[in-house]
Amino acid sequence: MKKLNIGMIGGGFMGKAHALAYAGMPMFFWPSPVIPHRHTVVDVTEELAKEAAAKYGFDHYATDWRQVVNDPDIDIIDIVTPNNTHAEIAIAAAKAGKHVISEKPLALGAEEAKTMLDAVTAAGVKHMVAFNYRRTPAVALAKKYLEEGKIGKVLNFRGTYLQDWSADPNSPLSWRFQKKIAGSGALGDIGTHVVDIARYLVGEITDVNAVTKTWIPERPVQTGGVDKLGTVKSASDVPKAAVDVDDEFVSLLKFEGGAVGSIEATRNAWGRNNFLTFEIHGEKGSLYFNYERRDELQVCFADDPGDSKGFRTVYTGPAHPYGEGLWPIPALGIGYGETKIIETYDFFKSIVENTEVSPNFNDGYRVELVADAILESAEKGVWVNIEKTVANIT
Amino acid sequence: MKKLNIGMIGGGFMGKAHALAYAGMPMFFWPSPVIPHRHTVVDVTEELAKEAAAKYGFDHYATDWRQVVNDPDIDIIDIVTPNNTHAEIAIAAAKAGKHVISEKPLALGAEEAKTMLDAVTAAGVKHMVAFNYRRTPAVALAKKYLEEGKIGKVLNFRGTYLQDWSADPNSPLSWRFQKKIAGSGALGDIGTHVVDIARYLVGEITDVNAVTKTWIPERPVQTGGVDKLGTVKSASDVPKAAVDVDDEFVSLLKFEGGAVGSIEATRNAWGRNNFLTFEIHGEKGSLYFNYERRDELQVCFADDPGDSKGFRTVYTGPAHPYGEGLWPIPALGIGYGETKIIETYDFFKSIVENTEVSPNFNDGYRVELVADAILESAEKGVWVNIEKTVANIT
Amino acid sequence: MKKLNIGMIGGGFMGKAHALAYAGMPMFFWPSPVIPHRHTVVDVTEELAKEAAAKYGFDHYATDWRQVVNDPDIDIIDIVTPNNTHAEIAIAAAKAGKHVISEKPLALGAEEAKTMLDAVTAAGVKHMVAFNYRRTPAVALAKKYLEEGKIGKVLNFRGTYLQDWSADPNSPLSWRFQKKIAGSGALGDIGTHVVDIARYLVGEITDVNAVTKTWIPERPVQTGGVDKLGTVKSASDVPKAAVDVDDEFVSLLKFEGGAVGSIEATRNAWGRNNFLTFEIHGEKGSLYFNYERRDELQVCFADDPGDSKGFRTVYTGPAHPYGEGLWPIPALGIGYGETKIIETYDFFKSIVENTEVSPNFNDGYRVELVADAILESAEKGVWVNIEKTVANIT
Amino acid sequence: MKKLNIGMIGGGFMGKAHALAYAGMPMFFWPSPVIPHRHTVVDVTEELAKEAAAKYGFDHYATDWRQVVNDPDIDIIDIVTPNNTHAEIAIAAAKAGKHVISEKPLALGAEEAKTMLDAVTAAGVKHMVAFNYRRTPAVALAKKYLEEGKIGKVLNFRGTYLQDWSADPNSPLSWRFQKKIAGSGALGDIGTHVVDIARYLVGEITDVNAVTKTWIPERPVQTGGVDKLGTVKSASDVPKAAVDVDDEFVSLLKFEGGAVGSIEATRNAWGRNNFLTFEIHGEKGSLYFNYERRDELQVCFADDPGDSKGFRTVYTGPAHPYGEGLWPIPALGIGYGETKIIETYDFFKSIVENTEVSPNFNDGYRVELVADAILESAEKGVWVNIEKTVANIT
């Protein structure tokens, strides 16, 4: 069975998720399109890289990502570093002829994303951006219903992504609160997942109109480089520095097909943990999904008899997308790991079968266009048309 | 015990709700501020009026509302007619020195609402607009938490009101789809309830930015004058006529206190019945309410210990607002009737104690300002400031 | 329109519920089978009776129930007193030729219930026992599905009724904790509702096997005669007296049709308010109901397509049992009041149409047989067969 | 870092779960107590074994488990075969000085389980039985609350385990429906998980009283040896054979500490997928858990203020048991895989630290005692005391 060698750039929590996916993919999807081989992991120091290799089961480790990108043994570059490094690594990888999967958001903005898209296109390599949530089986099931026309023409989409890990003013100023590293705040970090799902399920977004807010203007400077996602509370005497990204945005949406809607994302919603939801109203039915209860898709069919109409709670399992590869009974349970295993599976399949996978760098670029438009709209207080933004990208 | 005589103008389903409230109020809230006496009910024909009197327990009936408004035996005029008649009746009632309670929305628009407010103010009578949903005990509990600072300064408000009774293109063209009678569509009919709750809980809305949609441009002409709320499906050969109001709107909001948010209302959401919800994020906690499960308020307190933090589901009962008067155990259950009983109680108390009640005609007028601004915003594609709209009202 | 005069014996919270039902019934169900007239209310003192008449809208009041029972103007006797008085009043009423509706449980035990059944049967009057919860529209919808065979032959029934109003050891020793007045504890007070629903939906219970527990062996003696359902907390220096009834029971069940199951009832379940639930598994589907969310029935049909199978949440409304008379949109909301209005409607209809209504005194008697068997089973630690118990009743 | 070599006996879906756990454990829990090495996998044919090795990442494969058990390179034997083979393999492994982890239920009955317990005890090896569900972080959190006294003395436990994968009479007669292979039906397959959780959270069960039912007396004979859990529907002309185990049981429980309760398990509950739930009422609070929403624990504290008392929905994450090793944000999501990773971690830790782990073979034996007592009780229609059953085991 064919083996492909992976060079993973970054050894944080995302590295864990990806490593688990590489180990688990053939266990779930068999016959496996390919056996992913954890070849080399890169981290910023020798100590961290060595530990990452041991933890995540890589044969080798390194501190210089360029060396790995150019290693002829490596087939795939997996980018799990902070946002501001995606472009440079991805472009170098493409030039070296490697297939590339990058964590999301693809770049610091649409312009940068375009350079990445151009690079992978020119190189003819496979590319993917890791918007894993759309691969939750229940989300894929929503897509299936939509494609089959089960809920008819879409009228409305409401998406939210609410978290509270940084709602405490004492949660530290990780890179996720710094524009030069993260590009944007809640928008890039979590909002882009909803934009991806909106495009996936409903189609292109044409216009946005948004407000953004930075609720906590400064945060304690973080000691150590690790991204702890709010679990380390700083003492009150730690010096603080400014947050220059959004904590929250709300945006109206218009879609190409005529639907309207909204997206809201915030990291200041006490009690919401990973509250990625969408509700879609169509001419013949409705859908509701909440990732916090990710095994479930709610669907209402307008054509059900009057005395038994209502939202059905469908637990995904063997009868649903990806079900053959997953667990034999619904509600044994999809965790974060499984979403990454499915993502990995689809990426490797696209390599082996030489097909396009989605979301690829073009999707990542389109999401960045929407994100840029949201920021512009919030700044200027006007509707912003995406195609006009595209025209500004060289 | 003092008795006040009611003249109720209108005998439809809202008349039922109000009649039940008059009968039930002293049973729930005792000692009762006053005994409401169902004196006269008015409907459009003698037959309908006579039936309404029998059904709803009124001593008299009439077909001419003016006569009732001017009847010296009548203390209170209760307006449960379509929207386009509220102003004329209310103004006449005020001139006749009657206290007035009007169904919502108060008027066809802010300008008309202002004339009503001026009339009741000039007459010195008590006035109320029947936004009953804010009187759901769980909503009043949310207000209590907010006033006590339990969830801190409000950052965000998301409100929805979703229904599906007219999602079917064959549901008839009742007056609720005709601008000259209804003023607006989903906005006036259900959206104004959410605007009322937003103002009640978070404070004045200063700016809106909206889209509106009419998903079903024409509907079967209705036979008979009765408002059946979608339960009568017309045959396909019934002639159709144009809908000239919104089926749906989504609006961004800015509040005086700095909070932002959104409201969405639609009657095209299959599977949503009376899905009036709000979610509020504050600096110290969050609230969630869904009228479909109206006995419950969800609240998360940021200060709860780390290992037991999460949304609490509080079932309202004796320990909560209005609890003394309601049922002795939580979840015996608040229905639509109880919200109207509480509303009636607060209105009569304000009369007897000569205090202000809320929402009164000023609140109704403020809600109309927001509604007008939403329509203007949707038409022009810009943010609309409410105070600027006020300036245009004479 | 025909009018029937009611004599209501008892003026506590149940009196409120019944009075509301008399007032509201014609408003909901029109043309009304009859107009219920609140003629006379009885309470233990003149002061209480007078107040009850004013509150509940009765024309007259009295302190001697015998006088009311024998008043030729009275058509119906409504018994809303503690359990130990039901029999005497009902039998006297039957002898006086009055129709009788009694609060539940019908009696202190099966033997007493049998005497009541015999009395109403001999007198040829209409009789009903107020197990109102089975009249929740969602429960009636479950019955409809079962009768239509929608979920096939029933395999299993699990019922619960959980409350917490007396979970606090300082909640007072009301009559509900005294065997001589209440007959039994959680069993009679709430468990019998579940027994009624089990019989209604699944059929006769043939055998039971139970455990009972009295978790709080003594409680503060109550000052005043009022039944406050745990809302008054006694100071710790109040003298205590023994509880001689069950706080909780759990019972296995066997049904005539072959189904098995269980019932659990307790008043010591912190956080459960009025948690009356059932789950039924049939050969072709399943049902779930929770009164705390009483507008909803959950139903799963085995025949649904594999990719969209799951529990549907059906909100009851105009398309469901009693829907014509209730509110025009699902989820406007059924409260406790509406269940009593429906009950009253069915009772009056049975009088006017001279038909049998259920649950009548025979049903009340059958429920008492099951309750007695549960107590016997718990005491002896064995299965108890209901028919054998019947044989012991003279 | 120390490495331990695993010999896994069995290559079905449970093998997948265990293999994923071996691969993932160091990724989650770091520094890892040990690196699990997937040395050899055994399946019934060379072809299946070879495939299992490739899929699950084992270096070697074999078809003779005895050879693997006696391989000096192997440190741990992992038994993921049907129930009737556990004893022979485990005893041989213990004699060979290997640590043993066995899938559940431990044996075909208590007597057999006792021989296994004796063997591992005599050999001085570590042993574990794979009741993984108690390792769901939310269940471990329930344990923590109980140990801290947060909900006081336990009064009541209600457990359920409901599935529907074999509710269809055409789902095949896998080994799970054959007594000689499975020992019992729903009881051993899923009910024992609830018994394990009941013992874990509340303590020893002393007495049981049960009914069992076999709803589908015969099923199509299965072609092929694979356990498909109901996903393969047989054609109607396939010959059928008798089911000789229970499809369902309901049992009353008495616990050592005075609590009472019930357990229900069935594979005939349409719409329930993996509905493993428990509800516990204590003197100071209540707990509710449903594995279908396994990230959540519901807890109600009696001491919460009256106006904000109710069940909290706690999403497990870094602040809860095992949180340090899992995902950095609650509701990223625990799947079936994570429960197995945690189980593996605790087992390896017990080996390295030479401590006892639970549930071990003694727990597995105690669970079998309860299961045997349930079968005996159902057969005889009487309460069965566990200690008396113990006395019968040599």
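First chain written, first letter: the chains are A, B, C and D, and each begins at residue 1.
Everything below uses one rule, namely that contacts are C-beta pairs under 8 Å (C-beta built on N, C-alpha and C of every residue); 3 or more make two chains touch, one makes a residue touch a chain.
As the structure is a prediction and not an experimental result, all values here were calculated from the model.
**Q** Give me the chains shared as neighbours by chain B and chain C.
**A** A, D
**Q** Starting from the Cα centroid of chain B, hunt down the chain whose centroid lies farthest away.
**A** Result for the farthest chain: D.
**Q** Just curious, how far off is chain D from chain C if you go by their C-alpha centres, in Å?
**A** 41
**Q** When the centre of a chain is set as the mean of its C-alpha atoms, what distance in Å lies between chain A and chain D?
**A** So the centroids are 34 Å from each other.
**Q** Centroid of chain B to centroid of chain D, CA atoms only: how many Å?
**A** Each chain's C-alpha centroid was found; their separation is 53 Å.
**Q** What are the residues of chain D that contact at least two other chains?
**A** Touching at least two other chains: 301, 309-311, 315, 319.
**Q** Please output the residues of chain A touching chain C within their complex, sorted ascending.
**A** Per the stated touch rule, the residues are 141, 144-145, 150, 296, 299, 301, 304, 306-315, 319-320.
**Q** Please name which positions on chain A make contact with chain B in the complex.
**A** The touching residues are 151, 155-156, 158, 160, 162, 167-168, 209-211, 213, 215, 248, 250, 252, 254, 260-262, 264, 266, 268-272, 279, 281-286, 298, 300-302, 309-311, 381-383.
**Q** Would you pull the chain B residues touching chain C in the complex into a rising list?
**A** Counting only chain B, the residues touching chain C are 1, 13, 16, 19-20, 23-24, 26-28, 30, 32, 35, 51, 54-57, 163, 165, 228-231, 273-275, 291-295, 315, 317-319, 327-338.
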